[in-house]
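Both complexes shown next keep chain A, but they swap its partner, so chain B is in the first and chain C is in the second.
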Partner chain A sequence: MSMGFKKGFSSRYALVFYLGSILISITIQFFLWKAVLVNKPEVEFKQTISYLVLMQFLSMAFPKSSYELNDEIKSGDMALSLLKPISLENKFFWEGLGYSLAKVVVIGLVEIVIYFLLVPHAVTVLSVLMVCVAIALAYTLYFEIELILGTFAFYTYSIWGIATFKSAILLILSGNIFPVEYYPSFIRSLSDILPFQYSFGAVGLLSQNPSLDLFTKIVLIQLFYIVVFHFIYLGLFNRAVKSVVIQGG
Partner chain B sequence: MIIETNGLSKKYKKIKSKGLLKKEYIDYSAVNNITLSIEKNEHIGLVGLNGSGKSTLIKMILGILQPTGGEVKTFDRDPVKFRQKNAMHIGIVFGQRSQLRWDLPPIDTFKLNREIYRIPVDVYEERLARLTKLLDAAEFLYQPVRTLSLGQRMKAEFIAALIHDPELIILDEPTIGLDVVTKNSIVSFLKTLTDKTIIFTSHDLEEVEKVCSRVIILNRGKLVLDKSIAEVEKLDTPTTIKFTTQDDLSKIQGKLEIRKVSDSSYEVADIASDEVKNTLSLITGQLDIQHIEVKRSKLEYLLEQTAERRDNFES
Partner chain C sequence: MRYAKLLREYLKVNLKALAVYDLDFYFAIFGMAIQNILNIVALGFLFNIVPSIKGYSFQELILTYSLATLSFSIFRCFFINTLNIAEFINKGTLDTILVKPINPLFQLINQRADEDSWGDLAVSLILVIFVDVQLGYPWYITVMFIFISLFTSLIFMGLALLGNTVSLFSNGLSDLAEVTFDFFELSKYPLSIYSQALKWILTFIFPIGWIASIPQERIAQHHEWYWLFVIPVICVVFFVIIYQLWKLFLNKYQSTGT
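Our next item is the complex of A and B:
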């Protein structure tokens, strides 16, 4: 994990620029939603914008392991990773977590302050704890999705198209750009069943309506998908490694 | 026995032709029916031309490529099934790949390896100090890898590969692109590793002769020679003498078959071992020589023969 953290800090200037772009994005969203919700109560606006700041935080902090896996496969450095007495899943998880922590220190803390400034309701210790647990599981779920996508690079040698497709799916079904409540009911029902919302939108929903019932429902669904995706990844990875070709020196 | 292969083969499908909708494939044998065994503490030189199957063979031994035929055992285990378990006892340096992190100092990779290989801190410190001294690497361990020269990077790669004291060391062209001083220091270092099993591939055959006790030559995926370096030395292979002179060659022409290499540079090839002394006397006695070189690399000759056989076969 410390390798990922150090890696993040070695590119701290890049992270500062990233922070700048996020602040610009939040500013645009602030005025955009102010205009959209012009006739609505101030509470609704604050709820929406704080939700979106939280989604920005999650999008920033979540790992991009599919790209790392893809890079290793394309460069052939995968050979070295496969020859370590540690699973690729462990390697990418802990390094990714370290890198995410570095991003949280440089960028995330600013976003968290903005979130608490905007959030319209009282925040209790219990609600913070519930949201933290949901974020940890959302992170793990998202990581498993990233690993599965990255594994496709064993066959395609590039995940650019797949990653773009993933972004489109997340845009529609995860609620990380628009709150799901603004979607038509059939998309809402679909995103309720599919795993994507449980990496983003569900966490936002819990932060707005922290109740034990909702928390339990979200956590159980997250755990279910984490276990299922873990086994899907293992199956795909074991099959991919058997057919892999690492040529040329 | 550290490694044992029996009829080991690896076939790929290669694209022969590509149409708009349809591709035609042919089977390509990267490694073909190789049977060999490698004992503990042997230093094996694995040589062959580009595409001869060296890296494929190594990757099957390591368990990162699945054989399509025959079997391989590394540490008496199936290396594919027990890849992670075997990895605890293997150290690898690929000359064209790096396990160091580009944006971090080498010391961070060593510390990571300490955790991964579960090395006690005092043992790690002692090994790091020894390897750093042997490879003269103390001055750059704390500099980001991106600022290191190729030679410094390779020395750091060696430390990263050996910090867990592996039984089996795989060196796949580790000296590629290095200057002569760094190469020599790495070769000297490798010669000290007498209690390790080493598989060493390189296109520098002098290096292989210096480091290894046994040589295996591959050609088109097949094992064409497996002999100890001592046996190779005993082989009666012809010698080549290269020399540079401004003199008129008419004095010795007719007595020797001389080939012009470039301006003032000439070569007499295929000299039988009992003729070398006479030929040298003739050249140095009759001509004013500026530079002379006797090439007697047995391995180079054997490889050249392999290449010629391949060219003849292809033509």
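Our next item is the complex of A and C:
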């Protein structure tokens, strides 16, 4: 974890530029939704924008482990990682968490301030706790999805195409660029069943309506998918790792 | 003639490079196409809330989106390497480019083609044609849009070079070229949704408005044909100014000795 944190801080200028990029994105969302919700109450606009800022925060903080795995395969460093007495999953999780913490310190704090400036309802300690637990599980779930995608790199030696495909699916089914509540009913029903929403949109919904019932439902589904995806990853990895070929030196 | 010959050789090498990642290449093409379609589906959701956004109908908003995507995909297909100058500096390969008796920018942009943006280009082209038909625009408007997009892609290249000047004076430690992607996001929507101040900045400082919003408004909606000349001139002038600035920083560049 400390390695990941140091890695993040070593590229702090890149993170500052990333912050600029996120602020531009928030600006676009702000003006677009202001134009869309022009005849709606101010509270609805604030609720939508605060939801989208939270989604930006999650997208920024979540790990990009599929790329890390791909880089190790391409560079051949995978051979060394496989020899170490720590599983790849653990290595990527803790390094990724450290890197994410560095991002939260440089970028996330600004986003959190913007979120609290925009959120139209009172925030209680209990609701903050519930959202934090849901974020932690959403992070883990997203990490498992990233690992599963990363195993494709063992065969393709490049992850860009598959990652693009993943982004396309997340775009419509996770609620990370469009609030779930505005989805048409059939897409909403579909995303309720699929795992992607439980990494993004469900956390946003919980932040807007922090109730114990919703919290319990979301957490149980998140836990279910984490366990299922963990076993899927192990199955895929054990098969994929046999195909890896490192070209010496 | 010498440059045309070189261009042909670069093209051959770039096409061969595509064969390296064959499976992922198809995934990327398909993924980008799906991403574009889903982006439009998401835009469609907005129109479940309101019938029009700042006077723009769903089709008109898709036209803005597809014009911006068409221009950006032309930039990505042919000039994507302008985003990677920091990497060239870090690896020391910029030095090898500078010692060759060929224009450095020509070498840079031709050293790599973006394999997966061809899907983007195809989808945006189909979208522009499809939406123009839906909006009842005559065929020559579509041709005009394609012609203008060839020039507006120079705005993206100019912005990438502008971002690169930071890499040149910081010896690759910082890089602002990726901001080009953020400018692309800004260009996907009509200028009218932004505040007056932002509208002014996006027209006269960072000319993003000229990529999709202004051509759509001036040519397709108001049939002011002289913009067909004005817009390419503005794109070329912007690019030339930035290119001169970039050359200035390139002349001051000191090798990292990597």
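Everything that follows uses one rule, which is that the second predicted complex is superposed on the first by the 247 of 249 C-alpha atoms of A that agree within 3 Å, B and C clash if a C-alpha of one lies under 4 Å from a C-alpha of the other, contacts with A are read in each partner's own complex, and residues count from 1 in each chain.
Keep this in mind: contacts are C-beta pairs under 8 Å (C-beta built on N, C-alpha and C of every residue); 3 or more make two chains touch, one makes a residue touch a chain.
The shown structure was predicted, so the numbers you read here are calculated from the model rather than taken from an experiment.
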| item | value |
| --- | --- |
| Partner touching more residues of chain A, whether chain B or chain C | C |
| Partner chain in contact with A:W160 - chain B first, chain C second, else both or neither | second |
| Which of chain B and chain C A:K242 touches, first, second, both or neither | first |
| Contacts of A:K84 with chain B and chain C, given as first, second, both or neither | first |
| Which of chain B and chain C A:K7 touches, first, second, both or neither | first |
| Touching partner for A:G76 - first (chain B), second (chain C), both, neither | first |
| Touching residues on chain A, where the partner in the complex is chain C | 13-14, 17, 20-21, 24-25, 27-28, 31-32, 34-39, 155-168, 171-172, 177-178, 182-184 |
| List of chain B residues in touch with chain A within their complex | 12, 55-56, 59, 62, 64-66, 80, 83-85, 87-88, 90, 92, 94-99, 101, 103-104, 108, 111-112, 116-117, 144, 172-173 |
| Residues of chain A touching chain B in the complex | 2-3, 6-7, 10-11, 75-77, 79-80, 82-87, 241-249 |
| Touch list for chain C against partner chain A, complex | 20-21, 23-32, 34-35, 38-39, 41-42, 45-46, 48-50, 53-54, 116, 173-176, 178-179, 181-182, 185-186, 189, 193-195, 198 |
